[in-house]
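One chain, subunit A, links the two complexes that follow: it is found with subunit B in the first and with subunit C in the second.
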Partner chain A sequence: MSTPLSPSVAALRARFGAAVVRAEVSCGDTIVYVAPGSIHEVLAWLKDEPAERYDYLTDLTAVEYRDRERPLELVYQLWSIGRKVALRVKAELPKDGALEVGTVTDLWRGADWMEREVWDMFGIRFAGHPDLRRILMWENYSEGHPLRKDFPLRGRFSRSEQTHRALSDALEKHYSLDELSTDEAARYLPEGMRERLAGGPGA
Partner chain B sequence: MDVSPQTGVITNSPNWVTTRIDALVNWSRANSLWPMPFGTACCAIEFMATAASRYDLARFGMERMAYSPRQSDVLICAGRLPFKLAPVIRKIWDQMLQPKWCISMGACASTGGIFDNYAMVQGIDTIIPVDVYVPGCPPRPEGLLHGILMLQQKIKGESVFDPMLRVEKLATQNGMFLEPASVDELSEPFGNSVAQTRSA
Partner chain C sequence: MSGARTVTYELGTTTVDASGQPTRTPLIVDAEPQAGTDHMLVNIGPQHPATHGVLRLVVELEGEVVVKVIPHVGYLHSGFEKLGEYRTYNQIIPLTDRNDYLAAMSNNVGLALAAEKLMGIEVTERCRVLRVIACEMARITSHLVWAGTTAIDIGAFTVFLWMFQERERVNNLIEAWTGARLTTSLTRVGGLMADIPDGWAAELRGWCERFPKTLDEVEAMLSNNGIWLGRNVDIGILSAEDAISFSLSGPMIRASGVPYDVRKDRPYLGYETYDFEVPIGEKGDCYDRYLVRMDEMRQSTRILLQALDRLPDGPINVADPRVSLPPKSRAMSDMEAMIFHFKQVMEGIAAPVGEAYAAVEGPRGELGYYFVSDGTAKPVRWRIRPPAFINLAALPKMAEGHLLSDLIAINASVDIVMGEVDR
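Showing the complex of A and B:
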């Protein structure tokens, strides 16, 4: 018995029409392919529409297939906490086009680091992201985006060049100060904890 | 006894006095090695097992983990070292005071191990000098203890009066401590990864 498409697909088609490219069921999960240009409005609608309420972004990642003609895929794994249903939204980005989509950090703050990881590993830009820096590789890494299929397994430079670059630059170029600073996070702490920390040790 | 006026180093061949002093100094150094653990992976779990009561690292005078490089004698790199951490371990090594030694624990620290990829240092000996390599993936606590005993043997063969032994090998201007050609040669693929091309 095959699992039917999630009812959200019909609702998406009725609302967005041609922006919904196609939909399929894989291993019981519904996958909706959306035009990259409308990814933000589709996700915003899925998050806020009372009948959908996919309010939790489980994961945001990208895939490059080894078939060279296939486009890069951006994957948004959504979950509705209240309704306990999942939906996977994908956007296909042709490799010869601009690898850029709108950010969803305004919908989910948690998308911040996931979008940085996708930028770091695949080189997909997120327009409007507040702080699009590398996250896994170091700041001044200059060999490219390692999870792309055209990236050589051992990197583009020789081992001695890699060692030289890893050791020669000053540490502050290697790690951005933002990475080492926790000041920014202070305003997101719970009220009680912020007061306790402000009071210093023993407060 | 001929003492060089510039360096204060005894320049003639070993005699009864120098060998007695060596024996005393080496005995005390070898039996109070304070480790600076640099654990990045599963080797660090085996290292913790070695330090815990069953294998009891304290038997060898190593019970005090020095989490400050300035108060430690032996750097134990337990686990793989990515290029992102290379400047960190170099800085820790530079902060350690002489006399100091280094144990490279496990396949990844010694050679890069299975991680022959863009992110990983192919052996920490391309970054800092290494005294003892402990093979294994990860090595069992007995393996690490054997490495420590080998290091103690090595220390007991050293001489306080050897002026070259404690000369710091500093990184050059461009951050390298070995010649670029040596780094490339040390990092050559071997074993299974020979079959993978650089463009795979």
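Showing the complex of A and C:
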């Protein structure tokens, strides 16, 4: 590929130094790898720096490779509405470490559902996310995270086992009081559940 | 009747304060002073006609005013992205039909573009023009469904019939081209599944010339209609900053005044050579979204006519035997062609190591496909950037503070398709 790196890479290197791990071009798109600890800082700078202005978070997803040695990758697709340029920022998360990065919901409100989806599908946690619940799978789904490579295509359990597990799990572990009830509706909750909910998680 | 009580009231009208939050004059003033202290939790869906599929909304109400909306999605989750990792690139195309089933053809095109970007394939000129036709037909059919169902949600049944009648005509054309009305599977990596049949272009041109009249009739009925205005104007306002922050795309972001259109900003298939305008809204309310979508249908008709004018002759598939299947007659008579046929069917087309993101401007917004390849014929990761899912995330922001009935109008204005939200 003869496409040069985006000029944003040099600016990032000048500003963040070692936090910018490496950069490459694939199919004409620049990819910048950033240390997972700095991802929020880097994205905030890219969003607000007048010369960069990547103000639109097109997409947020993750990739797991078939090669088990390779780390998980978080992929942020950025776009600048004014400058009409794109940049792909990635963070590599080693599988034996804590699968957790800082949330960017304070930068883009649209990141809320995208981060929930990544948590749901890949099991990557976003520290500081206001409401990190599963979004596509149901709340008490207990088979793990479907887009991980160690998750079999047909799921781990039979249909009847899945139903059994879903019915036997305690709902209040997964839903907030807010969601299961307002004051009015809480009167109709099952025996004991109201007290457990009021006690918060772990009660 | 003597002693009848007269109540002073004014009709509830929505106004917007300085910060853009809706404020509503209550329908009945001082009639029931104790009302409004209790909150009620209402569950809408997942099986409810006004949620446009299996969307479930948990709504907290104070009287009739929405205090909080919690959307629950995922009832239609089919694991398309997981399935795609076990399929070759061409085998993924039927999955894209079922993703956004109201605009299958633009999904097919988006997937082919991403795979071709990854593999470095340039398609033929005829194929490019036919794909533009496919994308714009998909946009029109999808917007017709939107207009029809939204009008039903708001109470205008006639529009539904007129719009679905037009959609039927487009679907007949799509059926004549692809053999299917919804699940088209039109594209292949490096080309198309089929060329258009004889006489088809003339039929499409005739339809394009008649269609704007229907739009005129619908606009004459709706645009100044008191009920339509009352249900849409100043409802569900989203500012340009919020629209960008929520990563909205398509008519949703353009109604808020941001001229972001993938066809203009990151042109593909030669869209920069077509003459069309991108309609922009002023206030970002439901009425602006209605105006933007109606105008988009007109612009799509313009693009269709231009594409028909320039449609060149020539092949629809690239002349690369590793990518395009040889004709069946050659595969059965020529050894080399048979080997290529066998390899393509049994192994698929191997993509080089790398990754590619390509987006099309689908009816609902930026419809992106992101492929990561490790050099085999099956992608390591296939990601759909789902515009309906991301647009739907802004629903609570738009609906809170409005009436419950406005929530239905706002949800209709987002134009979701649950196949794509849940994937």
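Here is the rule we go by: the second predicted complex is superposed on the first by the 161 of 203 C-alpha atoms of A that agree within 3 Å, B and C clash if a C-alpha of one lies under 4 Å from a C-alpha of the other, contacts with A are read in each partner's own complex, and residues count from 1 in each chain.
By definition in this document, a contact is a pair of C-beta atoms (placed from the backbone, for glycine too) under 8 Å apart; a residue touches a chain by one contact, two chains touch by 3 or more.
These figures come from a predicted structure and were not determined experimentally.
> For A:Ser160, decide between first (touching subunit B), second (touching subunit C), both and neither.
So A:Ser160 only meets subunit B here.
> Now for A:Asp112: first (subunit B), second (subunit C), both, or neither, which partner does it touch?
Only subunit C is touched by A:Asp112; subunit B is not.
> Check the residue A:Trp138 against both partner chains and state whether it touches subunit B (first), subunit C (second), both, or neither.
A:Trp138: touches subunit B and subunit C.
> Kindly classify A:Pro146 by the partners it touches after superposition: subunit B alone (first), subunit C alone (second), both, or neither?
In the superposition, A:Pro146 touches subunit B and subunit C alike.
> With both structures placed on chain A, which of the two partners, subunit B or subunit C, ends up touching more residues of subunit A?
Greater contact footprint in residues on subunit A: C.
> Tell me the contact category for A:Asp55 with respect to subunit B and subunit C: first, second, both or neither.
The answer is second: A:Asp55 touches subunit C but not subunit B.
> Residues on subunit A in contact with subunit B in one complex and with subunit C in the other?
Residues common to the subunit A contacts of subunit C and of subunit B are 137-138, 146, 151, 153, listed in rising order.
> Would you pull the subunit C residues touching subunit A in the complex into a rising list?
38-41, 58, 60, 68, 70, 73-74, 77, 79, 81-83, 86, 117-118, 120, 242, 244-248, 258, 260, 265-266, 354-357, 359, 366, 368, 370, 372, 374, 380-381, 383, 385, 389-390, 392-394, 397, 422-423
> Across the complex, what residues on subunit B touch subunit A?
83-84, 86-87, 90-91, 116-119, 121-122, 126-127, 171, 173-176, 180-181, 183-184, 186-187, 189, 196-200
> For the complex, which residues does subunit A have touching subunit C?
26-29, 31, 55-59, 61, 63-67, 75, 77, 81, 84, 86, 88, 108-114, 117, 121, 134-138, 146-147, 151, 153, 178-179, 181-185
> Please output the residues of subunit A touching subunit B within their complex, sorted ascending.
Counting only subunit A, the residues touching subunit B are 137-138, 143, 146, 151-155, 158-169, 171, 174.
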